[in-house]
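Same chain, two partners: chain A is paired with chain B first, then with chain C.
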Partner chain A sequence: MIGTSLCKWVISYFAVAIVWLLLAEVLVVAGFGFPNHDIGGPDTLVIVHMVSIGWLSTVLCGALFQFVPVLVARPLYAERWTLPALALLTFGLTILLAGFLTLGGHFDGPPRLLPVGASLLIAGFALVVANLGMTLWSARPLPRPARFVAAGLACICVTAAFGGMFSLVLSGAAIGAQWPDLLVSGVPIHAIAGLGGWLTFTAMGVSYRLLAMFMLAPDGDARLGRLAWLAGVAALAVGAVGGVLALWRATGVNLALLLAGAAALLSLIAYGRDVLGLYRARKRRALELNTRMSLVALASLVAVAILSAAFVATGSLPSHVGALAFLVAFGWLTGLVLANLYKIVPFLTWLETYGPVMGRVPTPRVQDLVDERRTLKWFVLFFAGSWAATLMLLVDAALGFRVAVAVVTLATLGLGEELIRARRLADVAEPLRLPTGAVVPHLLVLRN
Partner chain B sequence: MTINDDDLVAQIRQALKVVIDPELGHNIVDLGFVYDVSIDDGAAHITMTATTPGCPAASFLKEGVANSACLVPGVESVDVTMTFEPPWQPWMISPGVKASLGFAEVN
Partner chain C sequence: MTQFIDVDVRPILRAGGEPFSIIMAALERLEPGEGLRLYAPFKPVPLFDVMASKGFAHREAELEGGEWEIRFMPDDGSFGAAEPAPAALSGGDWPEPVVHLDNRDLDPPEPMVRILAAMERLAPGQTLCALLSREPVFLFRELTKRGHQWRGGFTPQKDTYQLTVRVCA
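On to the complex of A and B.
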C-alpha cells in the first residue's frame, strides 16, 4: 500500500485531550487533590483520571489512529468507529469523575455513577483496541515499533478490566463486596498496566519510529531494541499476570511488582541507550524543536528510572510515589506528547491544506506553519515547571507545587495557542499562505 | 532518446521542484525522491519514492508530481510509478540540501 489517508477526527481527539489537561492543571493549582488531599482519595482520583484518560489516553488514541497505519503501511480498519469511541471516552470519563466527586462529598449523585462511567469507558477503549488491533492484525508479522503498540493495547485491556472492578467495589455494589482486598492490592497493577504498559510502552514504540524519521537516523541497534522489547514484555507480564495470580493466592504481590520493576528498568535502560544511539548516528544534525523537546522529555524518563532505583534502595519509595507519578505523567509523557503534537498538528494541517494543490502551485513548508523561536519559551516553561513541581513534591512543599503547576498551566495555554495558530495558518507568510485551490482548514476536523 | 527528449526530461525535472516533501521542507528532486524520468513519444514516465511506504504524504507527492509534469509544454501524458525498491536513503540527498539540513561530514 502506498500512503495512508488522514483520519478525520484526529484533531478533535487532540483538542478534547488538551481541554482535559488544562482542566486538571487548573484544579491542581486551585489546591484540589494531592498533595493537599490523600493520594488515594476521591479528589486525587479525579485529577489522576483527568490526566491519564482525558489527556494522555485520548491524545494517544488520536495519534495511534493516524500513526499505526503509518507504522504498518495498512489503512485504519474502521475510521467510522473513531468518533463514537471519542464520544464514549469523553462521556464515560465525565460520569466517572462525577462518581468520584460524589464519593468525595462534593456532589450528591447515585452510587452507580462509577460503574456506569467505567462501562462507557470500557466500551470506548474496546472500540479503540478493536480498531487498532484489526489494523495491526492485517499487517503481521509486525515491525518492532508496532509490537510495542500491540503490547500497549493488551495493557489498556488489563487497566480497564481492573478499573471496572474497582468501580464496582467503590460503588458498594453487591458483586464488588466479594473482593474486599482488591483496592489495596490491585491498584499497583492498574497503575503499572496503565502508566507503564499502555502509555509508556506505546509511546516508546511510536517514538522509536518517529524519532528515527525526524532525525534521518538509521534503524536502531537490533540487540538493544530486542532487549527493550523483551524486558518490557517481561515486566508487563510479571506485573499483570503475576500480580493477578498473587492477588488470587493473596500473597506475593510485592515480589511480583519488584521483579516487574527490575525488568522495566532494564527495558528503559536499553530503550534509552538505543535512542541515544539514534541521536548520535542521525544524519540530520540541525534538529527541529519537536525532536529536541522529545529528547528533553526522554531525560525525564531517565530521571524517573534513576530516582526509582534510588528510592527502592533507600526504602523511601512509598513516600515518593506521588512525585514519581507526576514526573512520569508530566515530565515524560505530557512533555513527549506536547513535543510531538507540535509536529503532528502542523504536518496534518499542511497535508490537508496544501497536499491537494501540490505540483500546481508553490507551497510553504511544514516549518512555515510554526514559529519555533516563539514556541521555545513555552517548552522551557513547561519542563522547568514540571521538574520544579516534582522537586516540590519531593520536599513536601505543597504551595510550591501549586505555583510550579501554575507555570506548567501557563505553558500549556501557550502551546495550545501555537497549535491553534498552526491550524489557522496564522504564521504562513503571503503569498504562499492560500494559493489558488487551497482552503483554510476547520479548527477541529480534518478534511480527508 | 533524441536531444529534444533530453531537454524535455530536464524541463520536467525542473518542474518537479515545485513539489516538496513537507516534513523535510525541500523539493523532491534535490531530496533524491525522483529515481527516473523518461520520455516516450510525448508520454512522460516518472519513477519516484517517498521516505516510507505508509507516509501520509506519499499519495499527495505522487499526485503533485503528475500535476507538475503535466504543465511542461510538450508533455502529452504522465505516468507516475511509486516504488520503494530501492528504499530511499539520506545519502541520495543533493549536497546543497544536505548542508542545509545540517548533515555532518563524518556521516
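On to the complex of A and C.
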C-alpha cells in the first residue's frame, strides 16, 4: 500500500451536489412537481432527477472516489477522470432536465434533448464506474463493504441503461417506438436499481466501515454483513434479472418485484441487526454528531421498511409510493449523506491543512473545526422537516408538504454554511488556526 | 528442557509504566539455553519481531481475562510449532524500535497524530513501532511526504495492524 492521497475534486462534487439539492428543494417549496402534479409527470421527473442524480449520485460519486481507495487500500485508478466525469454528469443532467421541461410544455426545445442528456449522463457514469471498478478490480478479493459498492456500481449501469431507453421512448424517436410498454413496466426496475441498488446498497456497504471506524467498533468478523449482502444481492438480482425477463415475457413483473421486496426486507433487517451489534460493541461511549445523525437516518430506513410492508399488506402501496420515495430520498439517504459530509469535509480539510505540519507544531483536533451544538439544531430541523413532509404526503396535505420542505430547505442551507465554515477554518480558535507552514484551504478544491 | 525466567509486566503496565526496558534487561541476564516467560495484559505483538530478531521463537497461550503468557525460547530450529513472524514485518536490518505505541483504542485520527509527533523526536535511522486497529492509509501519505520508510501488516488474528516506521536517514 502506498497510501491514500486526497482526491482533488471531492469537495467540488459535494458543492455541486448541494447546489442541486437546494434547487430541487426550492422548486418543491414553490409547488413544482408532485404532489401538485402527476407523480409520473415531467415536472415531477425534473425534481426526482435533480435529487437522485444531481444531489445523491453526485455526492456519492465524490465520496466513493475518496473512500473506495480507503476501503480496499489501493490508490484510485485514474484521478484525472474525476473532473471530466463531474462535468459530464452536471452538463448531462442540465440537458436532461431541459428535456423534461420541454416535455412539460414549459420550454420549447427540440425533442432530442432527452436522449442527448441521457447519453452525456451515461458517459459520465461510465467514467465513474470504470474508475471505481478498476480500483476495486485491482484489490480482489474484495472486503465485504467493497462488494456492496461493486453491486451498487452494477446497479447504476442497469439504472442508466433503462434511463437511456426511456429517453428514446419519451423523445418519440423511431427506435423508442418499438418498446411502447417499456415506460409502464420498466420504471419500477429503473427506480429500484437506482434508489435501492445504487444509492441504498452502496450507502449500506460504506456505512459498515464508516460506523465501525467512528464508533471504534470491531468489524473484523467475517460474518458481519454476510446476510445483508446475500439477501440484498438476491433482491437486486431478482428485481433486475427477473424484472427484465418478466418484461420480455410480458408477465410476472409484480411477482418478481414482490420476491425482490421480500429479499430486500430481509437484507434491511440483517443490516439493522449488524448496525445495532456494532453500536453495542463500540468502544467509544460518547458518539460524535455525525454518527448520531447517521443512526437517526437509519431510523428512517427502518420506518420505510415497516411502512412498505404494512402498505403491501393492506394493498395501499400504489397510493403511498410517493411518500415512501420521499422518505427514502430525504429521511434516509439525504440524512445519511449530510451526516457523513459533516465528518468527511472537516476531516479532509484538517488533513489537507494540518497534515504537513502535524507533529512539528501544535495543531487543532478535527473536532475543533466544527461546532456540534450549533449544527445539531440544523439536523433536528432537517429530520423533523423530512418526517413531517412524509406525513403530509401520507395524508395528502399538499400545502403542509411544501411548508415542511421549506423547513428542510432552511436546514440544508444551515448545514451548507457549517460545511463552508469548516473549509474556511472559521471555528478554529487562534493561535492554533494557522500555525507556521499551514495554509488556508481553497473552498472547492483540495490540495493533494 | 528449557529453563524459564519469569517476567510479569502486568503490574508495570497497570501503573502506566513502560515494560520494554525491563524485558530487555531480563534478556541480558539469560544464561545460554534459557528462555523467558512473559505475562502481559495483552498480546505483545511488537515484541515478537524484536525477539525474533534476537533469535528467540515464541509460543503463546491466552490466560483468563484476556491476559497472555508468552514463552520465548532460543530458536535452535527445534521450535517449528511457533507462529512465524510475517516476512514483511521482520525488521532484520532495521534497529530495534526506540518508541512503542499502542494506539488501538484511540479515536481516529489521534493514532496518526501521535505517531507523527513521536517521529519528530527520533534521530535519523531510529524506528518506532505502533499497534493500530486499522491500516493507517492516510498516515502513509504523510510518511511518504516526509521521506520516512515503513513496514506493516495485520497480525494473524487480523484485529491489530502492526506498523514499524524508520526515520529517513
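As a convention for this text, the second predicted complex is superposed on the first by the 442 of 448 C-alpha atoms of A that agree within 3 Å, B and C clash if a C-alpha of one lies under 4 Å from a C-alpha of the other, contacts with A are read in each partner's own complex, and residues count from 1 in each chain.
Convention: a contact is a pair of C-beta atoms (placed from the backbone, for glycine too) under 8 Å apart; a residue touches a chain by one contact, two chains touch by 3 or more.
Quick caveat, the model's predicted, so the values are computed rather than measured.
Colleague: Please determine, from the superposition on chain A, whether chain B and chain C clash or fit.
Modeller: Clash: chain B and chain C overlap once superposed on chain A.
Colleague: For A:Trp20, using the defined touch cut-off, is the partner it touches chain B, chain C, both, or neither? Pick first, second, both or neither.
Modeller: The answer is neither, since A:Trp20 touches no partner chain.
Colleague: Applying the touch criterion given at the start, work out whether A:Phe32 contacts chain B, chain C, both or neither, answering first, second, both or neither.
Modeller: The answer is neither, since A:Phe32 touches no partner chain.
Colleague: Using the superposition on chain A described above, determine whether A:Phe125 touches chain B (first), chain C (second), both, or neither.
Modeller: A:Phe125: touches no partner chain.
Colleague: Touching A:Phe326, do we find chain B (first), chain C (second), both, or neither?
Modeller: neither
Colleague: According to the stated criteria, A:Leu351 is in contact with first (chain B), second (chain C), both, or neither; which is it?
Modeller: A:Leu351 sits against chain B and chain C alike.
Colleague: Which of the two partners, first being chain B and second being chain C, lies in contact with A:Gly220: first, second, both, or neither?
Modeller: The second partner, chain C, only.
Colleague: So which one touches more of the residues on chain A, chain B or chain C?
Modeller: Residues of chain A touched, chain B against chain C: more for B.
Colleague: Per the contact definition in the header, classify A:Phe401: touching chain B only (first), chain C only (second), both, or neither.
Modeller: So A:Phe401 meets neither chain B nor chain C here.
Colleague: Do chain B and chain C land on any of the same chain A residues, and which?
Modeller: Residues common to the chain A contacts of chain C and of chain B are 1-6, 69-70, 73, 213-214, 216, 283-284, 347, 350-351, 355-356, 358-360, 363, 365-366, listed in rising order.
Colleague: Can you list the chain A residues touching chain C in their complex?
Modeller: 1-6, 69-70, 73, 213-214, 216, 218, 220, 283-284, 347, 350-351, 355-356, 358-360, 363, 365-366
Colleague: Considering only the defined contacts, which chain A positions touch chain B in the complex?
Modeller: 1-6, 66, 69-74, 213-214, 216, 281-286, 347-348, 350-351, 354-356, 358-363, 365-367
Colleague: With touch defined as at the start, can you tell me which chain B residues reach chain A in the complex?
Modeller: 18-20, 22-23, 25, 50-69, 71, 82, 90, 98, 101-104, 107
Colleague: Which residues of chain C touch chain A in their complex?
Modeller: It comes out as residues 105, 107-110, 112-113, 115-120, 133-135, 137-145, 158-159.
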